[in-house]
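Each of the next two complexes has subunit A plus one other chain: subunit B in the first, subunit C in the second.
Entry: the complex of A and B
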């Protein structure tokens, strides 16, 4: 199954996906030689977390057909939960530096954020999206899009109302000296964030490809009627999808709390970045989103490095325009049906 | 009676399509539902399969009422529906599509038996095991759709327009596999526009016109019926 066939490899290299991945790798290598390895390290750490957010976005779009514009708010919920869980743990650690909590505390924090994220996802599915689905499925994409925008406004203002608009951040999760790889110092937090991202992406991929429920999720995304016909209960799958994708965003938010303190609109930047990724990768393509996340994050790091930090949204947007002109289905879009087919 | 439909009314929104449709299918029977375009044949199957909520009427399967149950629950009762559009999972391989067909079966041994059964019925699918369903030809997809339906070990197979969009040769081979199934005791309800063909292979038939059952009887007799010959065969 894993045999390498020369013509298939050649064909892949010539495809949009192959060209873009190769260009990205080459650009990363050149920038690393030119400016130093921190370029690569930054791109990879940010790419890992961006992958979590974008995967969730792609999943919600692919399975539920919802263009989710409230996804950043689940990231925000992750940061908020992490802040309120980790602050007391941190006080405990500072008085008892040798306790078990200094190692386990951050993990407990992230798991708590994941659970709350999943619950928030289920709540929004039950209270918002399933209500719309029950009433009308006409113009579903447009109506659900408007709902997500409304949900985003409500959640951002809810945060401001109940928790205030100030920055609620922490200095770091893990104390100790930074790791040094390739002459770059990587703080423990960044290294752990990347490690977590890899772990979550990998387990998610295994889940979606090999388990019965994972297959059912893919089946629903490919053909809802077909899924009903083989006996898959739609409501359960839709709820699970929403829970998973919101949990992914919350994990990203929680593990990046040391970089992004919690404040009401903290989710907007990851939301826009994730949309860049999902559009580049092809709407609804979950695995493409992982690769796309690294490409976008590299692009952003390179822009900051060579052009200036004010341009970090301009360049990806310009690239999206170019890609959509030449390849409307996205770079890896060939294997998924476009939104218009649904 | 395996399936019993009584005074079924169904449609889409304000548009009523089926009017007081009543029909029965007995265990082991091969029943045709024929009629002109737009008569409501597919609507009848969709309603039985739970993809469309009936406005009124009764559908009983093995004596239990199933009208108004969602599609996934109907599938779990033992009714497999092979739609005209096939509704395959296009980005999954043939093998994955078949294993999705057995989604409701928990017993591993039974799943394996069913897979062997389907592969024996459609040897072509064995060759295509690892191909994506979306990249196959129309005839192969039809076989896969029927195969996926059979994976759940159903007691009743509803087949919608197996000849739709297929070359005559392929149509023939799809009908042959349905015949083989019938010989093994499968209960099949067939919806078909090709009236001659459908009445030639089935035991019993219903003629649906404008949402009403106009005629019913043994297929051989229906094929000779004056009304049928005039309306469908142009004789």
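Entry: the complex of A and C
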């Protein structure tokens, strides 16, 4: 399966995917030599988390054909749950510093956020999307997009209505001295966030490639009617997909709570970034989204590093517009997806 | 398509020229008289009416793209903001009068619309919407960062259009602009061009095979719709007197989008009719329940979702189904005018014509 054939490798290198990945790696290497390793570390840490959010977005588009505009709001739900779960744990830790909770507390928090995110996903599938699916099939993509716009408005302002508009954040999950890798001090929270992201992406990939359910999800994303014919329960799969993708976003939100305090529109920035990612990776391309996430986060880090903060929407979006003009279906139109579909 | 001659009555002819029904013109007269009627002659109510008329005008121009060629211009308010900034900066730097400045803003927005139209040519539905959105995000980022030009988040102070402290003259101006925008878009869509827009929106391949050149029509549509947005942006700048990059935010586009879709896609007038009661109700909720911030927007979102799920045609479809097809002659005259049938061809008719040109 992984045997390298020079012929195919050369062809891949000449494709848009190969060129862009090589360019990204080269740019990362050059920036690292120029400005120091913190560029690389930042890009990798942020890319890991962005991969979670954009994988969920790509999954929802690929399987359910919904261009999700409310995906950032599940990120927001993740931060909110994490805040309300971790605050009591934190007070407990500060009075009993040696208890088990100081190590397990953050994990409990993130798992809780994941569960609530999955429940929120199931709820929105049952209450919103299945209702639309029952009623209309024509013009589905645009209608469901507008539906998610409404959902996003409701969730953002629901947060403001019930929890207030103030910043609800924590200082850190894991206390202790920062790690030092390549002369860069990287806080324990960032390192753990990255490890979590890798763990989740890997297990998700294994799940979707090798389990029966994962195969069913891929089948639905390729051909809904065909999947129905071979006896796949469509409603269950759609619900599971929604739950999974929302849980992924919530995990990202929860483990980044130390960077993004919870407030009503905290999900907007991850949402924009994730849309950048899925657009350049090709909508519905889950594995491409992982690669795209690292490219976009590198782009953002480089922009902040060389041009200045605040330009990090201008430059990436301009670049993505250019990419879209030349490759309307995204960089990894079919190549990378082929691996996932094998 | 539009061969139905109106009856000889000169009033009907005039109304037909303005693309208004008798009911429509009476509603406009009512709106024009509203600032004189007691509960509405207070300043804050006039401000509500102005913002409602502003959203109404924007939603007409927005629907011109979204409802006809089926592309949601998700960066619409950024383009509106570009028009506003152009007008404000010209007035500030070279002392151009705001009236010309608004036209310059329209021109700038039209150029951008032309560019977006060209760039999105190869893209379909959601990709085109995303591209317009990214344009909007980039513009907003530029407005935030080009501090020497726009003063960024500090806000650019702009001279107001009328020196008087009363807002009534602004209200009449925006009402006039709304009617002009309605008439322009309606005239455009009444000709064969409107049919071509609908055909492209329904099925681009079928339209191309029927001899419609999508490149030309899509660019015309984008340019015109963005130009109108830029003109309205000029009004926005010279009415509020201060511009911040927030006017370009996606949330503003969502507001316009919600009004346009609740009003009914592809109808042009639906959004304008819905905007007045809707915006005023939202303002009422916001000001009377100020201890519950965000409630008005929750209602907003829920309403948009409910309309999308249960009645995707919006208010215009409701009106067409239950009022336009009336048997009563008086009511029929009021809602249909001198014409003997509704002047907007329905989507289904357009699809039938396009898919079966021989008929």
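In this text, the second predicted complex is superposed on the first by the 334 of 342 C-alpha atoms of A that agree within 3 Å, B and C clash if a C-alpha of one lies under 4 Å from a C-alpha of the other, contacts with A are read in each partner's own complex, and residues count from 1 in each chain.
Rule of thumb we're sticking to: a contact is a pair of C-beta atoms (placed from the backbone, for glycine too) under 8 Å apart; a residue touches a chain by one contact, two chains touch by 3 or more.
Quick caveat: nothing in here was measured; it's all calculated off a predicted structure.
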**Message:** After the alignment on subunit A, I want to confirm one thing: do subunit B and subunit C clash, or do they fit together?
**Reply:** fit
**Prompt:** Now for A:212: first (subunit B), second (subunit C), both, or neither, which partner does it touch?
**Reply:** first
**Asked** A:226 contacts which: subunit B (first), subunit C (second), both, neither?
**Response** first
**Complete:** Comparing subunit B and subunit C in the superposed model, the one touching more of subunit A is C
**Prompt:** What's the minimum Cα gap, in whole angstrom, linking subunit B and subunit C in the superposed view?
**Reply:** 14
**Prompt:** Tell me, which parts of subunit C touch subunit A in their complex?
**Reply:** 70, 72, 119, 122-123, 125-127, 129-131, 133-135, 137-138, 140-142, 144-145, 250-251, 254, 257-258, 261, 292-295, 297-298, 300-305, 308-310, 312
**Request:** Quick one: which bits of subunit A touch subunit B in the complex? Just the residue numbers, please.
**Result:** 212, 215-216, 218-219, 222-223, 225-234, 335-337
**Complete:** Within their complex, subunit A touches subunit C through residues 67, 128, 131-132, 135-136, 139, 141-143, 145-147, 149-154, 156-161, 165, 264, 268, 272, 275-276, 279, 283, 308, 310-314, 317-318, 320-321, 324-325, 328
**Residue ranges of subunit B touching subunit A (in the complex, touch as defined)** = 49-51, 70-72, 75-76, 80-81, 83, 85-92, 96, 99-101, 103-104, 148-149, 151-152
